[in-house]
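Structures given as structure tokens follow.
Here come two complexes built around chain A, the first alongside chain B, the second alongside chain C.
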Partner chain A sequence: MKMRNKSEFRKRDLFYLAPLWLLSLIAPDPYLYHKKEFKKKDLFYFGAICLAPLIWSDPHFHHLMVLAGIYAILALGLSLFMGYAGQISLGHAAFFGIGAYTTAILTTRYSVPIFLAFWASAFSAAMIAYFIGRPILKLKGYFLALATLGFGEIFLVILRESTDLTGGVIGIFGIPWFSVLGFSFDTYLKQYYLIWGVLIGLFVFSKNLVRSKVGRSLLAIAASEDAASSVGINVPRIKLEIFVLSAAFAGLAGSLFACVMSIANPEAFSLGFTVLIVMMVILGGMGNLYGPIAGAILLTWLTDVLSRYQEYSLPIYGVILILLLIFFPEGIGTRLNARVIYLIGYWAKKKKREQGKF
Partner chain B sequence: MDFFAYIPQLLSSGITIGAIYALVALGFVTISRASQIINFAQGEFVMLGGVIAFFLLKVVGLPYFIAALVAILIVILIGFVMHFLVVYPLRKASIVILLMATLGTSIFLSSTSGLIFGTLPKTLPPFSGERPLYLFGVSVLPQSIWVLVSTFILLIFLYLLSHRTLLGKAMEASSTDPLGVDLLGISRNLMVFLAFGVSAGVGAIAGILITPIFFTSYSSGALLGLKGFIAAVLGGWGKNSGAILGGFVLGIVESLSLAFIPSGYKDAIAFGILLLILYFRPKGILGSPFIDSRRW
Partner chain C sequence: MSLLSMEDIVKEYDGVIALDQVSLRVERGSIKGLIGPNGAGKSTLFHLISGVEKPDSGKIYFKGKDITSMAPHEISALGMGRTFQTLQIWGNMTVVENIMAGMNRRLRGGVLSSGLWLPWIRRSEKEALMEAKEILTALGLLGKWESMASQLPYGKQKLLELGRALAMKPELLLLDEPASGLTLTEMRQLSEQILQIRQDGVTIFIVEHHMGMVMEIADEIAVLHNGKLIAEGTPEAVRKHPQVIEAYLKVKKTNA
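What follows is the complex of A and B.
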């Protein structure tokens, strides 16, 4: 068999080098994100995301994918905190809510431009995460989960009771569409590209982050905090940083959610929603950045399908959650990949055996 | 405005709700003593106890005592089934997975109960009369006294179970020293199985006791469960006495807070206490055998 020299140029390389070069222009850190780190898989996903809404031009599908994109941003941030740093948070629905309400209040009460409100919501979520995170993050395991859950519940109570600021149980209506420099994202298709664009940006950022020094320290912390601190990693600081970062992701997602739904009310940020996003992270597989996005799409689709069964939807949802956890505790992709690799290996061996025989 | 006149009244209602929190907390502690698992569906056992007793009493038409007994047995059965179908397959999984599985069970149980028994809030008649008693100028519902007496009896029962019987000792040992238990030939899975039954039973009794005073609807379990967990952490995680103390402290503080803040913020009080206790004294008021004082 003729071996091809790796540096040899092929004409077909142009097909993916051109969009690759374009993408490298918008990537936040081109120094870390080398061209050779790009895999064909990434390019395939990128193409699929760009083309999917054009192929299925169904508004319901667009809306569903918009929601999935928003949840994916949230799950991506949570995945950094849960999958990489190995912590548990049941309070990210609250940060999502903080983002949504910041956008809602700033745009409807003070008529701040939505582009500013978008950044302000990330900032406010990050600030609150900073103050909450300092005391909470010294906890571990169940107790960390419970403390973050407690924070989420307090947030919900405040939302319901401070009627002057948040509109109480009814919430805030009439949040304008997202717009930049006079260009308004007023159809589902435009919103789709907006949200998946933001998602891709944040994804590339996270991908760089987990390959940086901070990302390596996160993995070390997840493995053992004592060992991590013994090699000179400032464990509380790194944990706080990643908590604040994931809260900022959640704030961005919340802001986009408020723009897309044009309503913010407390019911959207309850414990059930927290369960949904944590499930997205678990289903995608912990410690994997593609996972939360796949999990978000899968679970958004699932909830949409289940919502047809009305009052039966929640019991079925509960059963499906438990079954998924029992059969795919490391995420759907992990188990399937292992299975596929096993099958391929088996097939290859079989082929070899047969060849050896004859 | 005689502000302080309300305080004894609030105190008495605080003690009643505190007893309920204590019972829920005892359910958590029973399971955690056997297996280090935290069952977030504990609140649903409370809800199911009340709702099933209501169903048996009003729809099926059984006598009160038999309806309550059958309801407790059904909930114990649900506890066993939950262990067999959800917790047992996940016994080797990580904390996050177990947490999500018990939360998923909680969603399933509450929504299924709403589907079968209806979503309207339910109330049972009190055990003995509606007429309030007057003790030291404070009106006390007879049901509150029933709640306190039953809590006391259950506490003694659980104390005897865990300190005076071989079964209780085996349950506790299976949590503190899994390897030793395996060497002695005690089945850890059986111990956890039994602990789930006991905690479901305690939860169901709490549900039947509380339903005459507060309305029980299909969705009220989650909050009760969380507050019971807070009570268990507050008193000292893993101790029966801690669960009782934490329950009463939480109930009284929550009730007294009504004198100072709008009632809508009542739920935030419990979680505020939780954040404070986790920050300043994570092992709780009485200290916890499972949490060492330094770092956990």
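What follows is the complex of A and C.
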């Protein structure tokens, strides 16, 4: 067997990096993300999202992207609260669950039209976030994380125990497809356009929000609360508003989840799910709205690919997460450009050094 | 009537009296200096005025309103801007966004109207940007308006912090050790800037550790020592005040 030549191996690596570099050209610009206007790149993303399911007409891919889209909505809301306002929430799975159960209960028990149930889900999640947020948002840092975590666990217990309302551990079956004015979203392809349509709408909303007065207040709170209140920013109120808004996003996502899966049961909203969403936000990049979407797609896809390896899937998953965090500490959405250029530079330098040796 | 007045302020930390029956007035349109050796209670007094902490007893009035128990953001919304002893700019925003965030209380927009980018939001954002650029021009920071605030050198960050406080169009500006860490030239520029700000009709209350700069620009100076007000008056009078000399000399001796 022929031994592999070392320098040849490196050349090929550079070759592998080329597509990554091309990808980085279309990825969000690392240092310019704070210029919050819409760009040509956004148009490109929009086109890609519209065309992807047509080019790639595999129903499994459609379903995967539907899930990724739902998680992205949730992660988008969470990133407003975590990435922009700099607070920690480990209770967003609960708001997601509240959205899903509101839709499930309203549609199956009271036969409310799904379109109304969709908005009612956002509203109920927002209302609960308001009453929960008022006391617990006074906490800071890890204490806030713990309080929200506690809220999530209490929510799970309520779901399991109040059997009459929620169906206990079994949950609620037979939630109808999403439909508007008689048009039913009954295939994965239709659902894809529904969910990514909602996601794009919420993305534009969030992007407007972060480039406005509210967005600046959020960043100010994250950097220094004292300075924020010194210019008249009402810190507790803005925190509460953004908590409620991100819960409403979670409620919408939950409602869509219930429609797509046509089932709502407590297992889907456990701590593991919260961690997954937080991972999406962190991996995607904080303080950047493209990040959570990139993170959601990546992790959904990764979970799916790894599910083939069964018992090995979790360790591999863990290793990949660790590697990603080492090489993209600020998230794949924020610094892809910079990281790839750095890696290419590193490779080139190493090669030069090796050549010097021989 | 004075713009800001304090009556018999007492503040205690775990039995240590930081401020003992301090009464002070800041007249509209003046520059008032507050000096004193380390640990005299200057910063504590500033925290009480801006509402970060509450006094144990005594009252604080701003524009005739009792602000003693108000929240910091309510007090600043009344028209009181401030800078911090330890620099507190928002490094996660651009320079111009720092200034625009400073205008917060004058801008319109809630969560929903901003998210939907309604016409009046668009208009107010545009106007805010123009005004922020004007402020940056006055401070000589316009060239860096799009860079992240954290990338500015220290002296410029201090200027930015001042600009942010000005952006809220305050009636009273509290400056907490504005000269600390600045070079002599930067300090001179700062003095000019402060005089200019006063010319524009803003009352200034300035805390300084170094006497030189305050003596130059202040109309009136108060001296705190061990939580007590030991002298108040024009810079010349204060400079000659026996207790002031003693306080500063004693500190020098213990330092040596």
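To be clear about the criterion, the second predicted complex is superposed on the first by the 293 of 358 C-alpha atoms of A that agree within 3 Å, B and C clash if a C-alpha of one lies under 4 Å from a C-alpha of the other, contacts with A are read in each partner's own complex, and residues count from 1 in each chain.
Just so it is clear, a residue touches a chain if its C-beta (ideal position, glycine included) is under 8 Å from a C-beta of that chain, and two chains touch if they have at least 3 such contacts.
As the structure is a computational prediction, the values presented were derived from the model and not from experiment.
Return first, second, both or neither, reflecting whether A:H60 touches chain B, chain C, both chains, or no partner chain.
After superposing on A, A:H60 lies clear of both chain B and chain C.
For the overlaid complexes, name the partner, chain B or chain C, with more touching residues on chain A.
Higher number of touched chain A residues: B.
Looking at A:P329, would you say it contacts chain B, chain C, both, or neither? Reply first, second, both or neither.
So A:P329 only meets chain B here.
Once chain A of both complexes is superposed, is A:R109 in touch with chain B (first), chain C (second), both, or neither?
Touch status of A:R109: no partner.
Per the definitions at the top, what is the overlap between the chain A residues touching chain B and those touching chain C?
Of chain A, no residue contacts chain B in one complex and chain C in the other.
Which of the residues in chain A come into contact with chain B in the complex?
For chain A paired with chain B, touching residues are 82, 88, 135-136, 138-143, 145-147, 149-151, 153-154, 157-158, 160-161, 271-272, 275, 278-279, 282, 286, 311-312, 314-315, 317-319, 321-322, 325-326, 329.
Any idea which chain A residues touch chain C in the complex?
Residues in contact with chain C: 34-35, 205-206, 208-209, 211-217, 219-220, 222-224, 226-235, 241-242, 245, 287.
Which residues of chain C touch chain A in the complex?
50-52, 71-73, 76-77, 81-82, 84, 88-94, 97, 100-105, 107-111, 114-117, 121, 124-125, 128, 146, 148, 164-165, 167-168
For chain B, which residues count as touching chain A in their complex?
These residues of chain B touch chain A: 38, 85-86, 89-90, 93-97, 99-101, 103-105, 107-109, 111-112, 114-115, 222, 226, 229-230, 233, 262, 264-265, 267-268, 271-272, 274-275, 278-279, 282, 295-296.
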